[in-house]
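In this document, chain identifiers A, B, C and D correspond to the written order of the chains, with residue numbering beginning at 1 in each.
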Amino acid sequence: MDGTRILFGGFAVLAIASAGLCITRRNPVASALWLVATLFSLAALFVLLDAQFIAVLQVLVYAGAIMVLFLFVIMLLNLGRAGPTDLKGPLGLGVGVLLAGLLLVQLLVLRQAGPAAGGPARATTEQGMIPTVARPLFTAYLVPFEITSLLLLAAIVGAVVLAKRKL
Amino acid sequence: MYSQAVLTALLGWPVVAAAGVLLVPERWAKHVALAASLVEFVISVPLWWTFQPAAGMQFVLDLPWIPAWGIRYTVGVDGISLFMVLLTTFLVPLSVLGSYAYITTRQRGFYALMLVLTSGMIGVFVSLDLFLFYVMWEVMLIPMYFIIGVWGGERRLYAAIKFFIYTFFGSLLMLVAILVLVLRVGQQTGLYSFSYAYLTAHLGGLGPAAFWLFGAFFLAFAIKVPMFPFHTWLPDAHVEAPTAGSVILAGVLLKMGTYGFLRFALPLFPSVALHPAIQAGIVTLALIGIVYGGLVAMVQPDFKKLIAYSSVAHLGFVMLGIWALTLQSVQGALLVMINHGISTGALFFLAGMLYERRHSRLIDAFGGIAKVVPLLAAALTIVSLSSIGLPGTNGFVGEFLVLLGAFPTYPRAAIVAATGVIVAAMYLLPALQRVIYNPLDKPENEQLRDLSPREIAVLVPLLACIVWIGVYPAPILRRMEPAAKNLVQSVRLDAATFTATR
Amino acid sequence: MPLPLLPPLTLLWVVPALPLAGSVVNGALALAAPRAKRAVSLVGVGVLVLAFAAAALAVVALAQLHPSAPLVVRYWEWLPVGDLQVAFALQLDQLSAVMILVVTGVGALIHVFSVGYMRGDPGYARYFAYLNLFVFFMLTLVLGASFPVMFVGWEGVGLCSYLLIGFWFTEKINADAGKKAFVVNRIGDFGFLVAMLLIFRHTGSLDFGAVFPKASAAFPAGGPVVTAITLFLFLGCTGKSAQIPLYTWLPDAMQGPTPVSALIHAATMVTAGVYLVARCGPLFALSPVGSATVAGVGALTALFAATIALKQWDIKRVLAYSTVSQLGYMFLGVGTGAYAAGIFHLTTHAFFKALLFLGSGSVIHAMHRAYHATHAHEDAQDMRNMGGLARYMPWTAALMWIATLAIAGIPPLAGFFSKDEILGAAFARGAVRPAWYVFWGMGLAAALLTAFYMTRLMLYTFHGPNRTGDREREQLHEAPPVMTGPLVALGVLTVLGGALNIPPLFGGGARLEHWLAPVTDVALTPAPDASPATAWALVASAVLVAALGMVGAFQLLRPEALVPARLAPPARGLGRLLWKKWYVDELYDAIVVRPVLWLSREVLWKIVDKRLVDGLLVNGTAAASRALGWVGSRLQTGEVGVYVVLFVVGVLAVVGAVVR
Amino acid sequence: MLLGPALAVSAALFALGVLGVLLRRNAIVIFMCVELMLNAANLAFVAFAQQLGVAGQIFVFFVMAVAAAEAAVGLAIILAVYRHRHTVDLQHINLLKG
């Protein structure tokens, strides 16, 4: 059991580190790549939490599609160069860190108050497999599933309309 | 059948007529409106004979309106509201006739609004269901806003908005109070009903909340009366309103505040109303109103503002009469409400006529016109004397009864109020002198034309009432006596029982 | 039980109704056909003569019955409200009988005089309408059977005096004088009103027939309530009958036409106060403090007004202050409980004061015509422009001399008897209450001054060199018969007036006193009549004082030293103080009028109304809500960053709340 | 059971995401930080899904869909703004000033 814990710890540190770097890099492309790294480590964490299908999805959809889109837009607007730091100066930094720290403390406190962590672990292995996720998706949550498709359609049309030079 | 339908007819007919006026070509609007308002008056006149004084609430019509919430369409008239209805139907035709020359633009709109205003006003006086009362209270507000706002003087928008928001603010609090009242009574008795009779029958259980509810009702009505601190909207509204607007505003709208106190505030919260602190407070405000209104009226350069402040003084008498709660004082209060409607209405008509001739409301713009326009000067003198309360005119009878009735309950207050008699002479006589006497030194005043037949037709009914009520008020007093006696006894009785239980 | 009413008494309403009808007709004529002078004078005077006849008939009928209780005739319910049942009812008893005779009699004579005096005036019809209306209200006042009906008359006469004083309203002074009269009267009426409230509160009724019998039961003698009532009633009297402190309006009232001054400000309206005190005898009897105040103020006013009259140059102002002074005597009389003496003086005063005023009217009329003829702009009423008029106006001069002798108190004329009775009563009362000795002293001093200033008036006006001016002199001649006729009639009345109530001292039957007995028998029983010796001494002192005053005037004054008004040097020292009426008007102006005006304009209107209530509360709340809106808009800086910060702060707050 | 540490990581990532949004002025980077916060939330979902049933994972699935839609539209907006204002620095884009 402690094997997974060690692995989990490693990937967790990796995720946090790359997230930290992602927000501090001046060059947007670097930030994007570090974000991708964070996504991959998260995917690993998903696997450790028996959510294999979600992990795969994460890699495919998030890292693959969305990040590519980001990079594509960055390239399109040729923002590749490391522009002047767009941090907001000492005051902004101070306020930001203060607020983020406060939020972190609150969430950690919230974690203690969460439901009893103990709970019996469900049958672990096949829990994240595709059928166990797919069955409720197409039965109980069929309606949201269809709505999501509509949402994506709207987003596509929206993006095209907004981005097109002249209609 | 007449007794069932008359009140609803009085309510419905003006609205129908208003629609009719809108369809008529502009030139005919005023004549149709006059005819419609005369029909309204003709409908209301039989009320005078068929009204049995001792029979309490009459001409009652009670239909379910929104049963789910216990709201019914109940209308009825008793000794108190009968004269308010008659005053309304009496003043509206006169004000329509009076604004023939005054209103030149968008006449259809003006006369339609006047008719809608009529039904709103009559609605307030006849409704015996708190919800219906509130609706009518708001219905009456909107046409008045437009009348001041569209056809008014220079600062009409400011005056109209101020009038609307001031009254609306008060009435919203009243709505809240009505709802809380209905809910509280509903909780205790199981039946949620807005009916006035039901609510007055199941009082007592309100406990300390009664103070706040009374406070809300008080604020809404005090703004309307207007009582001292809440009166500043009145001079602006009067100065900017067209003649007809001022006449209706002073003649009828101000009476809704005092009528509200008599019909709703006192009977619904007797123990609070007669609480020594509340009594002292209201009587003091009334006294301030009388003396303050008079003194400030004395120094007004604008004739209409002077009349507006004099209204504050007159209605201070009414409030003193109501809160003294003796038979003479309540009847006196009711009589002052009627007399104020007539004499101040006449004053505003005359102010309007002066304005039509010289396009100025300033008292100093005139002087010595008695030589040029003797008829107008004579009418202005008689109406001013009635407003001062000269014995033999209607003004005196009302105020005399109020003082006579208020003396046993508040001796000192009655004496201070009696000084109002002096202050009245001090503000109206100098103004009268500056307008009609004094040297005729301004060339424009030389060729003023005297009263036209139409203007005489407007003034004669009012002058007749001034003399008639002054000399022989017995028929009016007889008709309102049972209702007043019932009100006084029931409020004093309830107050005694509930103060005991609290 | 009121006695069965004989026909003439049920027609009591005819007496006031006639002048009312006359007023309405004349009013209509004024608006419709102001030029119809003949019809107007016919109606105006005719109505008054008929009213006098009706009054006489009623009095004769009353005399036959000689009831102890007044005869009350109720016409219609006026204020039927709960236990307050006031009916419009008239009552006739001995007191009101005397009054209606005086009002209609003297009134008729003055109406005849007015026909001549006002002949040239464009507002002729309007004048007679107002004059008739005045007589109607005066009769209502006198015949009223309850306090409110009397109050109708009370304020009605105030209204008519306002209209008549300001008759020539195109001059601002006249209109101001009218307004001042009405406002001051209104202050008095306030007192009357409050007294009515007190009476109703304690006796539950306002009818004389109900209040007076109940008075002794309802009010403990000398108690605070009855004293308050009497003092408030007296406040009303000071307003109407021009006593200190509310007398200032009467001298200014001289701006009105002279017949008006004669009728209203000498014979009838100003005596309403005396009538009120006489009518409310039972109340005043119960309150020694009240009566003492009435007598005291009366005596003080008598003396005070007499001093001012010494130095007045306007002939009508002298007579005005003389009226105020004589009214002081009447109040001294009724104050001491000698109601009969007070009413007797009222009657005789009506005769000779009306004569004096009408005489001065014909003098002024002549002076006006003279100045008018030569287009001179001189004050026709200033004695300094007159002098030696006896040569041109013998009748007026002779008749005015008769009136002057009467008012000075020279026997056998009317003034002597009435004034002497009042002084006698005051002196007798002195034995019981020493204060009355002081009042008697003041009365005597006032008598001396009266004789002096009246003789001064006669000397300056009718004797010595004529100062009117050469060309005007030819125009000066006697008034037309229509004016001198009433003068003669009043002269006769002044001479014979005394006969009404010759006291037993002179073997007279004191008929007026017996006539008024039923009304006044409840009054204060004055101390037993002094012994004949003191009575003669009193009479002698009164006559001596009168003679002294007249001789003194002859000796001290030199009419020949006078110069016309234009050239007259300004008065100085005490003379100026008296001429300036002890600066009382200026005092009132400074203490009352200006501060009230300042208070209401600057403080109440500008500060309280405009700034505090309107500015702070109303517009203030409006401004506050607008300010709130502005603060909100400042927050929307447009920078996304700021919004995010706010967003996160919000999240923190929510999570914080959840966590805690 | 890895629920405890997973939530800790999720909290850390979320805090970093917020910090990123607060500090950066470049619109796209802010966008990325928002994505980071979404992933932190997904992590929490998955952590709980282990114990409370697979609904959590389904929810993550929907979150991703929405995130994708949101990214697309967001970037389109940024593109449109860029074309107009030639900058993505949020400091200068304050047309909606109050």
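Methods note: a residue touches a chain if its C-beta (ideal position, glycine included) is under 8 Å from a C-beta of that chain, and two chains touch if they have at least 3 such contacts.
Note that the structure is predicted; figures quoted are calculated from it, not measured.
Asker: Report back the single chain whose CA centre is most distant from the CA centre of subunit B.
Answerer: A
Asker: More contacting C-beta pairs: B-C or C-D?
Answerer: When the contacts at C-D and B-C are counted, B-C has more.
Asker: Between subunit C and subunit D, what is the separation of their C-alpha centroids in Å?
Answerer: 97
Asker: Cα centroid separation between subunit B and subunit C, in whole Å?
Answerer: Each chain reduced to its C-alpha mean, subunit B and subunit C end up 38 Å apart.
Asker: Quick check: how many Å separate the C-alpha centres of subunit A and subunit D?
Answerer: Distance between chain centres, rounded to whole Å: 7 Å.
Asker: Could you tell me the distance, in whole angstrom, between the mean C-alpha positions of subunit B and subunit D?
Answerer: Distance between chain centres, rounded to whole Å: 65 Å.
Asker: For subunit D, which residues are shared contacts with two or more other chains?
Answerer: 18, 22, 25
Asker: Residues touching two or more other chains, restricted to subunit A: which are they?
Answerer: 88, 92, 95, 99, 103, 107
Asker: Applying the document's contact rule, which stretches of subunit D touch subunit A when the two form their complex?
Answerer: Listed in rising order, the residues of subunit D that touch subunit A are 1-20, 22-26, 28-29, 31-33, 35-36, 39, 42-43, 46-47, 49-55, 57-58, 60-62, 64-73, 75-80, 82-83, 88-89.
Asker: Along subunit C, where are the residues that touch subunit D in the complex?
Answerer: 632-641, 644-645, 648
Asker: Show me the residue ranges of subunit B that touch subunit C in the complex, using the header's touch definition.
Answerer: Result: residues 162, 166, 229, 231-233, 292, 295-296, 298-300, 327-328, 331-332, 368, 370-371, 374-375, 378, 385, 390-392, 396-397, 400-401, 403-404, 407-408, 411, 414-415, 418-419, 421-422, 425-426, 429-430, 433, 436-440, 471-474, 477-478, 481, 485 of subunit B touch subunit C.
Asker: Touching subunit D in the complex: which residues of subunit A?
Answerer: 4-5, 8-9, 12, 15-16, 19-20, 22-23, 28, 31-32, 35, 38-39, 42, 45-46, 48-51, 53-54, 57-58, 61-62, 65-66, 69-70, 73-74, 76-77, 79, 83, 86-88, 92-93, 95-97, 99-101, 103-104, 107-108, 111, 114-115, 117-119, 121-122, 127-128, 132-133, 136-137, 141, 144, 148, 151-152, 154-156, 158-163, 165
Asker: How about subunit C: which of its residues touch subunit A in the complex?
Answerer: It comes out as residues 641, 645, 648-649, 651-652, 655-656, 658-659.
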